[in-house]
């Protein structure tokens, strides 16, 4: 009844559901967040959650190439946050 | 009412009389200056907005009377349009074949052929790569052309702006419009700080990795997910990161506008020629000399690998070009 | 109808999204938001298309080795690859269009100092009026 | 699995609506960025890894960067409301 | 040779007219224009008397549509009339336009209008007719707006609007006739495919279309619903242009209606239908309105223009009687009215031209005593007026005589028509004769001392004399014309 | 079978233009070489298309053929399809494009900064390539991709002239076009889902099956409506035409000529192909789309002219007149018969020849008036630039439908086509009204330019029109008369083309 695979699948799907549910909280912070840094960090966390979610999904679906997608994601998410942060910092310095 | 009736009668009479004799007591308006036919003299402010639609006049009216009513109405209209479109489309969707069902009309003999024979017909393990670069290569060629068009257009719009400021070439018809650049707040031209230690450290570590990853995605395009486009985008990411960490000058040492144009055009040219060869031989039933290779090897898939590399080059250049043009107005 | 919509939940969501995107594209007054609306609409359409290619229980269209050096090529194993191909093309198109539209927006802002196309029109019309008045005066001077 | 699908789809719709009604442009762009991020998961769920990679590189990366740069050029970054509490 | 001679009167003046735009070749405008106009007239007369009336196809647009000409008898008669009046008016224009540039443009369009008018007359099918009809509108626009004043441009635009509306109606008819006709070439008795029409029960539709076409072509002739441009546009044109506009170009509309009634639809098809009575009624209404408005009008040229509205409708009225006497009357009226109306306008032009007192005579009450200064002019004016009124022996009388007798054949409707004719004749007398009497007998308080008879140049005098003589001569030789009409035109048509 | 050379022409013509576009950025800047390259490439394609037309109509040859793009035949790979109609259209497009370029050579040089001229040439080449691809393609998704190329290139070609006005116009144009292509994309997705094909013929077969079994009727209707609406926005059918006068009125003359004369036509021809080849006329009639198109065409014919009447700027006036002319074409399409579509195609050709001429003429005239575009400023310019004046007059006559000019031929065929249907009265009434309205704004313009005014241009020494300008105008005028006088063989050819479409 409780063989390992079932439990594993159950756990993985639970994780995935939990991750996707908490994305909403981050979205709320991104939308409402009074400070600029709140929004950026919220966006960044959403990215991180997505990376996790894809990793979990790659286990569920059982296809290894999804890990590539995770890697690429990590890079790109980093980049966009860097660009955004730098732009804002420069603006502050300009003033 | 009475006045209106009178007007109608007068109009009728004028018609019958062919704009005949004027009533004695009518005040003849002063003759406008002669020899200026077809000049419509401005009567009031609004007749001058020739092409202004009702909506725009309405906007002006609102600008005079405050925008609050307008904002409410506008939101209402948006929501209404949205609801109408969505409900129409939802009604359509409800009629469509069910999701994920294998008997749907889309899963027909075309798909079967792609999957069952795609491997040995194109030599690509990734069927999507085989599909877009061999079966339906013309679409993909068009897609690269779209990217090329956009790159050229953005280069034209943003790239020329700085140089033209110094250019003495003045346009005869646009001088009146130049006045606006005075009203507009000045565009911001930033210079990047170059002493960001953290970013530099991270960049020096990650840029080689990113470059390598981009190359892998490009080169393995026919074996695993990815391909020229996504790989190219990753390569451009490396360039963008480099520009961010070390400044544009560093990137310009090896990648400037001329390099961009030459590399993109050459890559696109190679793409076009190789695809042209393939189209030509295919349509005329000539045997193509390009070997397909064994599925699963790096050197397989016939033209797909070189095409992916070309696309990767184009995309990397173009996307970095977009970045440079948007942030600096120059490459 | 509702259960059919629930069955086609991807398509339904895609349609709602594209409706929102289209509305944004048409009725937003801010150009940046218009362009975001365009992107939403495009991705929604791609979502629709990709959902149409999905088949329950099948794998992504990358050939799988059968263990003896060959490849599994049964069409019952893989999802429909055509929508993926089309969407790939579409994504490139939408990036290009976005970049172009943003460039034009910057141009507009440079000239008018606004992101609202109607305000730009208003400004232009006022300027045009002044211009025409000047031209007319000049003409009349020449004529008289 | 279907729960995840539903959650993600609802997230997309919420994002789209939030983008439309948000007053701050930077906010819209950030929300749009998370929209693209989530879209990539949906591509994975629909068994299109090619699309997921492309969307990751393009939607989350290049498009957002372009939007940020455009906002920076027109001086819309760092809205006054944001700076109040800092 | 036959071909060339048929085409020459149409093409020669158009080509020579537009050659005027090429500046350096021709030094003296007047000699060139004069020679070319007279040459055209001679060519026209030659063509009218020497060709055999074959169908000459200039261009085949589609299998069934072509640009073709044929000098049949109505065409010959009208071409001769045009060729007689046009050189005279041109002669007059040399003097009149001396102080009103730009003459080049005027002559260029004036000459091409000559050719196009003949083209309208000898068009052999509806397409050619429509083409030349439209071209005539555009060629006469520069004539109307010659002065380039605000008023004249407004008049031009109104002229354009009415003419084009008319032409559009006619074009609709053209398409219908093409579908429901056996061929497009004008054939006496009509070209309609009666079998096809009766099979589809389309009679009433064809009647409606015919009516609309007639109304459309009637715009040029100033028939009632589309008449309002005429009293505005004609007075605005310089006098030579208004002379031909009123005298001849309004007749082009009549010719077009004539072709539609007798050569496309066929008199048989129309006789006794509501279309006939409706057009008759419109014509009668126009006759009455025109006379009445002329009676009220105080502006000199406008009064004559209103008179044209009325007089041209006589022709339409006569033509729509659909019997032999009617056609005789129409032929006579066309000739008589062309001569006398040109003469009236030219005289009016002379009066305006001679600014001896330092003021233009624009209104009829300013004209008092002009007869003392311009005796010859006012004599010609009187003669032409008498012809218009319909005094026996003059052309107008003969025309009205035939018209009345034709109308009486129709029974009760005809009697009503005759009554309208009588009233209109009285009104005509009422608005023309006072001018003459005022001019010659200005009354007791007139300052006879300072009258200096104006020496009229020969090239203004000659046209006046010839035209007024012609107006009388039409009456004197009415028999010849009637014989011609009876022998050559009516026998074919009815 | 058709000979090898002609068989490869459809592909070759697209390929030549693409290669020309790709090579152009590599050429030296600030020289005339890119422009010459574009002109020669377009001329070459025009010659090839003419040969293709000759080969296709040569007796004993098959009238149309399919050209697989690659090693895989019809339902698996992309495909081009060429018949007489496609050949004629590509010939006309190339000729009109070439003449628009050569005719406006000098004004282009004045309007466009030297650094941008090269890019202008790239865009023109891409535009030509996309038009040719839209003409020849037999695949709906390929059509979509090339529609996008067309959109970007067309907007960029508006913005190529520096200035605030053009940026605004281009942006407006872009937004409307994007709405259009979004709708087209949704419709293509729906159709793909219903049929499982993207190739037009296969789609047609699948749709016929759906219609006979009465399944999926709502999605079918919606997709047809969406695709029509999307392409109608792009081809400026009246209620969606508000972008057109801005875009066509502000850009440089060559761009206006190309946009008005050709780009709209590419989209309209795509609609025609979708109606005829994908759905089939019976299905269109069953889904009531023909009536909708017909009514919109009627409205466009009237309203376009009404708007044009109110314009004071000559280029805007001509631009609004394009809206009316597009209405004529849609009227023909809405008749939903072979004759109607043939008439619409004839009008496409006529308009593609006349409208560039009008824009070129207007450009020449406003040049002669010292770059002023107001109608009253053009007074007497006929005498400064006679060729431009002649062009405007001939164009005006053509638009009014004077027999002997190009416009009459298409009006005649439209009317004759409408006699087969029950809507003849409406069609006739609209044609008549629209002709009168056309005349009401074209004739005053003609009068103004022919009005002599001695002093108006004393201070301005207008440049003489160049030889190239005169030559292009001469060809334009010849084409105009040719279409007016020899329309019958052309119409016959088009009808044959429509029959095998």
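Per-chain numbering from 1; labels A, B, C, D, E and F assigned in written order.
One rule holds in what follows: a residue touches a chain if its C-beta (ideal position, glycine included) is under 8 Å from a C-beta of that chain, and two chains touch if they have at least 3 such contacts.
Since this is a predicted model, take the numbers as computed values, not measurements.
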Subunit C and subunit A - chains in contact with each: B, D
For subunit C and subunit D, chains touching each: A, B
Most distant chain from subunit B by Cα centroid: E
Chain closest to the middle, measuring from C-alpha centroids that were averaged per chain: F
Chain pair with more C-beta contacts, A-B versus C-F: C-F
Label of the chain whose CA centroid is most distant from the centroid of subunit C: E
Computed distance of Cα centres, subunit D from subunit A, in Å: 12
Subunit B-subunit F separation of Cα centroids, rounded to whole Å: 21
Centre distance in Å when subunit B and subunit C are each reduced to the mean of their C-alpha atoms: 9
For subunit A, residues that touch 2 or more chains besides their own: 63, 65, 68-69, 72, 76, 79, 83, 87, 90-91
Contacts with 2+ other chains: residues of subunit C: 9-10, 16, 18, 20-24, 26, 28, 51-54, 58-62, 82-84, 86, 88-89, 91-93, 95-97, 99-100, 102, 104-107, 109, 111-112, 121, 124, 132, 139, 143
Contacts with two or more other chains, residues of subunit E listed in rising order: 148, 153
In the complex with subunit A, residue positions of subunit C that touch it: 59-60, 62
Subunit C contact footprint on subunit A (complex, rising order): 63, 65
Residues of subunit E that touch subunit F when the two form their complex: 59, 61-63, 65, 67, 101-102, 105, 127, 130-131, 134-135, 138, 141-142, 145, 148, 153, 156-157, 160-161, 164-165, 167-169, 171-172, 175, 178-179
Residues on subunit B engaged by subunit F in the complex (per definition of touch): 35-40, 50-51, 53, 88-89, 91-92, 95-97, 104-111, 113-114, 121, 134-139, 141-143, 145-146, 148-150, 152-153, 155-157, 160, 163-164, 167, 169, 171-174, 177-178, 180, 261-262, 264-266, 268-269, 272-273, 276, 278-284, 288
Contacting residues of subunit C [partner subunit B, same complex]: 1, 4-5, 7-12, 15-16, 18-20, 22-24, 26-29, 51-56, 58, 60-63, 65, 71, 73-78, 80-86, 88-89, 91-93, 95-97, 99-100, 102-104, 106-107, 109-113, 118, 121-125, 127, 129, 131-132, 136, 139-140, 143-144
